[in-house]
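Have a look at these structures, which come just after this line.
Next, two complexes with chain A in common: one pairs it with chain B, the other with chain C.
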Partner chain A sequence: MSAPAPKKPVDWFPYLLLLPALAVTLIIVAWPLAETVRLSFTDASMNPVTHYVGLENYQKMFARRFPEVIGRTFVWMVFSVSLKLLIGLYAAVLLNAAVPGRTLARILIMPPWIVPVAIGVFIWGWMYNGQFGMISGLAQRLGLLSGPFEFLAYKNAAFLSTVVTDVWIGTPLVAVYLLAAMQGVPRDLYEAAWTDGASRFYRFRRITLPLIMPAIATMSLLSAIWTFNSFDIIWILTEGGPRNATTTMIIDTYKTAISRFHYGEGAARAVMIVIFLSLFSALYFALIRKLSSRGDVK
Partner chain B sequence: MINRYRWWEYLLIYLGMAVLLIFILAPFLEAFLVSLRPLDSLFSVPYRFVSDHMSFKAYVTMWQSVPLLWRYMLNSFFVAGSVTVLGLIAIIPAAYAFSRFEFRGRGLLMGAFLSVNMVSGAVLIIPLYKVMQSLGLLNSYISMIAPGVAFVIPTGIWLLRSYLVKIPKELEEAALVDGAGRLYILVRVIIPVALPGIMVVAITTFIAAYAQQFLYALTFNSVNELNPLPVGLYQFFGRQKVVWNELMAASLIGIIPVMLLYVFLQKFIVAGLTSGAVKE
Partner chain C sequence: MKKMTTLLGAALLASTAATSAFGAETLHMIMCGDDTTPGIPVQQGLISDWEKQNPDFKVEVEFVPWGQCQEKSMTLAAAGNPAALSYMGSRTLKQLAKNGLIIPMDLTDEEKASYAAPILGTVTWDGKIWGLPRAFSTKALFYNKKLFKEAGLDPEKGPQTFDELLADAKVITEKTDAAGYAMAGASFDNSMHQFLNLVYSNGGQVIDADGNIDFDSANNVQTMELVKNLVPYAEPGPVAYNRGKLETLMGEEKAAMMIDGHWLYDRVPADVDMGVVPVPAGPMGKHSSLLITDSLAVFKGSGQEDAAMSLAKFLTSPDHQMAYDIAEGYTPIRGGQKVDELLAKDPSWKPFIDIIPAGGPEPFVTDYVSMQDSINEALQGVILGEVDPKEAIETAAENLEDAQ
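The block that comes next holds the complex of A and B.
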């Protein structure tokens, strides 16, 4: 694995090397995380005097339809992640095809991911405009809509619109990652199958798909975690509206803590997010361990 | 040789690619067309892609309507650049430690760093806000840079570590025999050899830091002069009467720098992305 074992009982050098990274992580991530947990048991607000209130914040939170927010977050995530994976896989298959022009296509697929998230979302904000935007306009011309349709003003439409924008931003990374996995599949496997007369589709189903399964599983979990954390897209498009239709857990936390200054109640919501994220992470690390013990991932 | 595509397979592949690229690129094309159209033709029905009197006027007038546009772009660059430099200062030695040394708590620490990737800034925003407030750091560049640094470290370490393990140990052993100090070896032997890997990390870090400049700036900063591009433009987006052509023009101008970076360095970026998604 690594270099000659140090002779001295404790070699401080590696710790010294880690010091800057550790310091930043402790100050910006670990300590605030602990502080979030502490705050969740207090009535912290703009008021400088705070008291410990036990589980009150959690009780209040669940009394305020919090389960609904959790459910919505998961539906949003499942929609978005499955679309990203489907389109990402579709894109990876196409970009892996040995046809002229694929290098160009590989370059052209990345921009949504490269561009600052907020700016991509501004553009979508215009596209969703009901009176003059492109989507409503084209749908009217094609006769799909009889009149202007304000996508971000109706609950279901707004929900799906935020999903579509999230998919647009997240798909390139999934595609490139799956493409890399496909390129890692040994060529001779395909050639052997081809000599045996296996069709292209059969080769995809029996060789490509099983061999990139670890990559698909890894990406699903990573993508789920990122999607769960998604803030900018929803905030810019709808700020969680209309009538909370796009209020996911992250948005709910932000609204409670930052917009309404209920730090304590917001912290309780953040703690719930951390609990869910830890579950995902546990799954993720278990998956990585399983894959590496099977020798699938190197 | 494996079988070639038949004509209809070519057709399907290109058709499929076209559908994909339309989904990916249509918003950019639309943004460009919008930036060229005068406002009164934007606000007219029925919808048309192209209208009369298209011009680059919005690209001129936007500098008056968004007087701080230059500032926003410079701020974005400054913030992303600082995150990259500070990030590298933390990433390089840490990645070196993980790639070369056996020490107590090694696996645990690596795991801890990687789990940072699972948390988002929004979860930590409350205590961070209070800290920034009590340290008087609200409305400063630091309040936008520091959280950024913390969140680029894990992926950076992961990426660079996998690059460093490939560098033969004999290199350091030879230097060690020559009596070089270990820190000297890192700076004078490892870093020069690892430069391509460091480049990949630097570029992916910069792009990530440039793309994610919304939440912290929105929350911690209310001084317009310090706003990065996304938040600077967000104020215009949020208005009742959005001047769409200018907003789109400013957005497109604002993304040109990263797009150029991407076009010239896309090999590095794709390499960074694909090995970055945790492949142990």
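The block that comes next holds the complex of A and C.
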């Protein structure tokens, strides 16, 4: 029987190297998060003196139409993300096609993503104007409208207008991301399918789509998180109106905490957002892990 | 060695002198808007004069866009790092005072007497004055004479009552391509302001003399009925319009009537021929106007409260304030010879100045954003046809209790 191998001393140096990163993470992520949770149990406001109020902020939040706001946020997100994915996928297929001018088309798709969001949204705001806007004017010329129509003045129209603007801004990134994934699909698969007489749609359905599915999954989850958190588009176009028709969780939180200075109530809303986004993130990482274990994601 | 000592001594002396020359304490002042308006050079000149009298201070003016300005001042104060002096909408003063973030203004009886009582009312709460009025506006009804003529109406006779306003708006809508009345309904403070002009002109109010919410009244239901009746004769989709956008419609002659401040003359092309009359009176009231002031407020905790108070008083002293008002085109805050001269030079100011004694202040509440949201939501509900005027007023009155 041989003697046990001598115990290797613990090498602390790598842990020491991690300390600065850990400290920064604690300061810029953990501490504000913990502070937000603490604030959510207080009546923090402009008054420098605050009191512990238990779950009162959460009770108030749910008593004041918050469930309605949560529902609206999810509808907004689902509409927007679905459209971005569908249009982005279609655009990626077109940009991947071997046609003349493809490089130029790939460049031209990017401006909505490159233009500063605020400027893009202001332009859309003018386009939605009934008296001077392009959309209403064009619709009147085509005989679709009998007179000026204010897209941001009516609940459903305003809601759809914010979705359209968000889709316009978010689609280029989806398209370019999916295009990159498509370019990673081995060409010999297409050649073999083409030799076997597979149609263009069949090749897309049975080769392209399955192989870019991990990219679609990743982009849909990331897009869902970004869309859920989207603030500037709605705020610039409607400030959450008319009659709260475009008030999502982020808008509601901003109005409560920043416009009305009810920091405690605002913090309770922020905690709810963190919970929802954590669920998304958990889903994202679980999916990535599953795909990685199958060897789809390298 | 001696040379070295002399050189070092000279350097020390020079640095001490430089320190005293450049050692003036910075006084942080926040102004809303940008530095391009005509009153700003006037104000800057006055600040320079004040600095000469107070060499220990150097005033650093920070211009913050309107949309973020008040929030910035309030957030800095709540975070314990306030500006010494800030330009604030007077409606925020109660909230700031109640939370102990600003200090009351120390005015002599003579200084108080220099203001008209309704103007001082816009900055007074709990018997104390919490800001010095810096900008003041009253409103009147502008009407487009060309469109009146086109519709067969007398262009020299603007509407005087709610009924006349409605009748004229109807005729103009039916007989011209323009909207009869420019109505604001966006989620914006000035949509509420537009409505409150009509509320006061029908004898209504938001808060009574004792500080209680008094919004649910027959007067206000009647005023909301007027809004409902005007909707068919307003521009399409009033909920998308705030006052600024309506001014564009007036400039383009796409709307015939609008309640606005005197500045509208400067915002429409010179060839748009406009008449102006007091805000039409409702059946239960008489001509009135919402009186809105913005103020200079001194924040607690900057360590420069006395200097900030001195600067605020200097800038708003009668002559200095008048020079600023005239440069900016604001309704003059104080009366006197300069106002008489202004009226003689430009009689269009008359309806805006004459209405001051009959005007009502912007309501003073603890949570003005909540008040704004409550009233705007009622307006939007009626404009969109989702609630009737009575229900809208009742709901708003309930919500206003939270703002109080």
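Worth a mention:
Operating definition for what follows: the second predicted complex is superposed on the first by the 270 of 298 C-alpha atoms of A that agree within 3 Å, B and C clash if a C-alpha of one lies under 4 Å from a C-alpha of the other, contacts with A are read in each partner's own complex, and residues count from 1 in each chain.
Definition applied: contacts are C-beta pairs under 8 Å (C-beta built on N, C-alpha and C of every residue); 3 or more make two chains touch, one makes a residue touch a chain.
In this text, all values refer to a predicted model and were calculated from it rather than measured experimentally.
Using the contact criterion defined above for the overlaid structures, shared-chain residue A:Thr50 touches neither chain B nor chain C, since it reaches no partner. Judged by the touch definition given at the top, the superposed model places A:Gln59 against neither chain B nor chain C.
Residue contacts after overlaying the shared chain place A:Ala153 against chain C, while chain B stays out of touching range.
Of the two partner chains, chain B and chain C are each touched by A:Ile258. In the superposition on chain A, A:Gln131 makes contact with both chain B and chain C.
When chain B and chain C are set side by side, the one touching more residues of chain A is B.
In the superposition on chain A, chain A positions 131-132, 148, 258, 263 are in contact with chain B in one complex as well as with chain C in the other. Listed in rising order, the residues of chain C touching chain A in the complex are 71, 74-75, 77-78, 80, 95-96, 98-101, 185-188, 235-241, 245, 248-249, 252, 254, 367, 369-370, 373, 376-377, 380-381, 384, 386. Note for the complex: chain A touches chain B at residues 1-3, 5-6, 10-11, 13-22, 24-25, 27-29, 31-33, 35-36, 39, 87, 90-91, 94-95, 97-99, 101-102, 105-120, 122-127, 131-134, 136-138, 140-141, 148, 168, 171-173, 176-177, 179-180, 190-191, 194, 200, 218-219, 222, 225, 229, 231-232, 235-236, 250, 253-254, 257-258, 263, 266-267, 270, 273-274, 277-278, 280-281, 284-285, 288, 292, 297-298.
Within the complex formed with chain C, the chain A residues making contact are 45-48, 128-132, 147-155, 238-244, 255, 258-261, 263.
Across the complex, chain A is touched by residues 2-3, 5, 9-10, 13-14, 16-17, 20-21, 23-28, 30-31, 34, 42-48, 76, 89-91, 93-94, 96-97, 99-104, 106, 109, 111-113, 115-131, 146-147, 149-151, 153, 157, 165, 169, 172, 182, 186, 207, 210-215, 218-219, 229-231, 233-234, 237, 242, 244, 247-248, 251, 254-255, 258-259, 262-263, 266, 269-270, 273-274, 277-280 of chain B.
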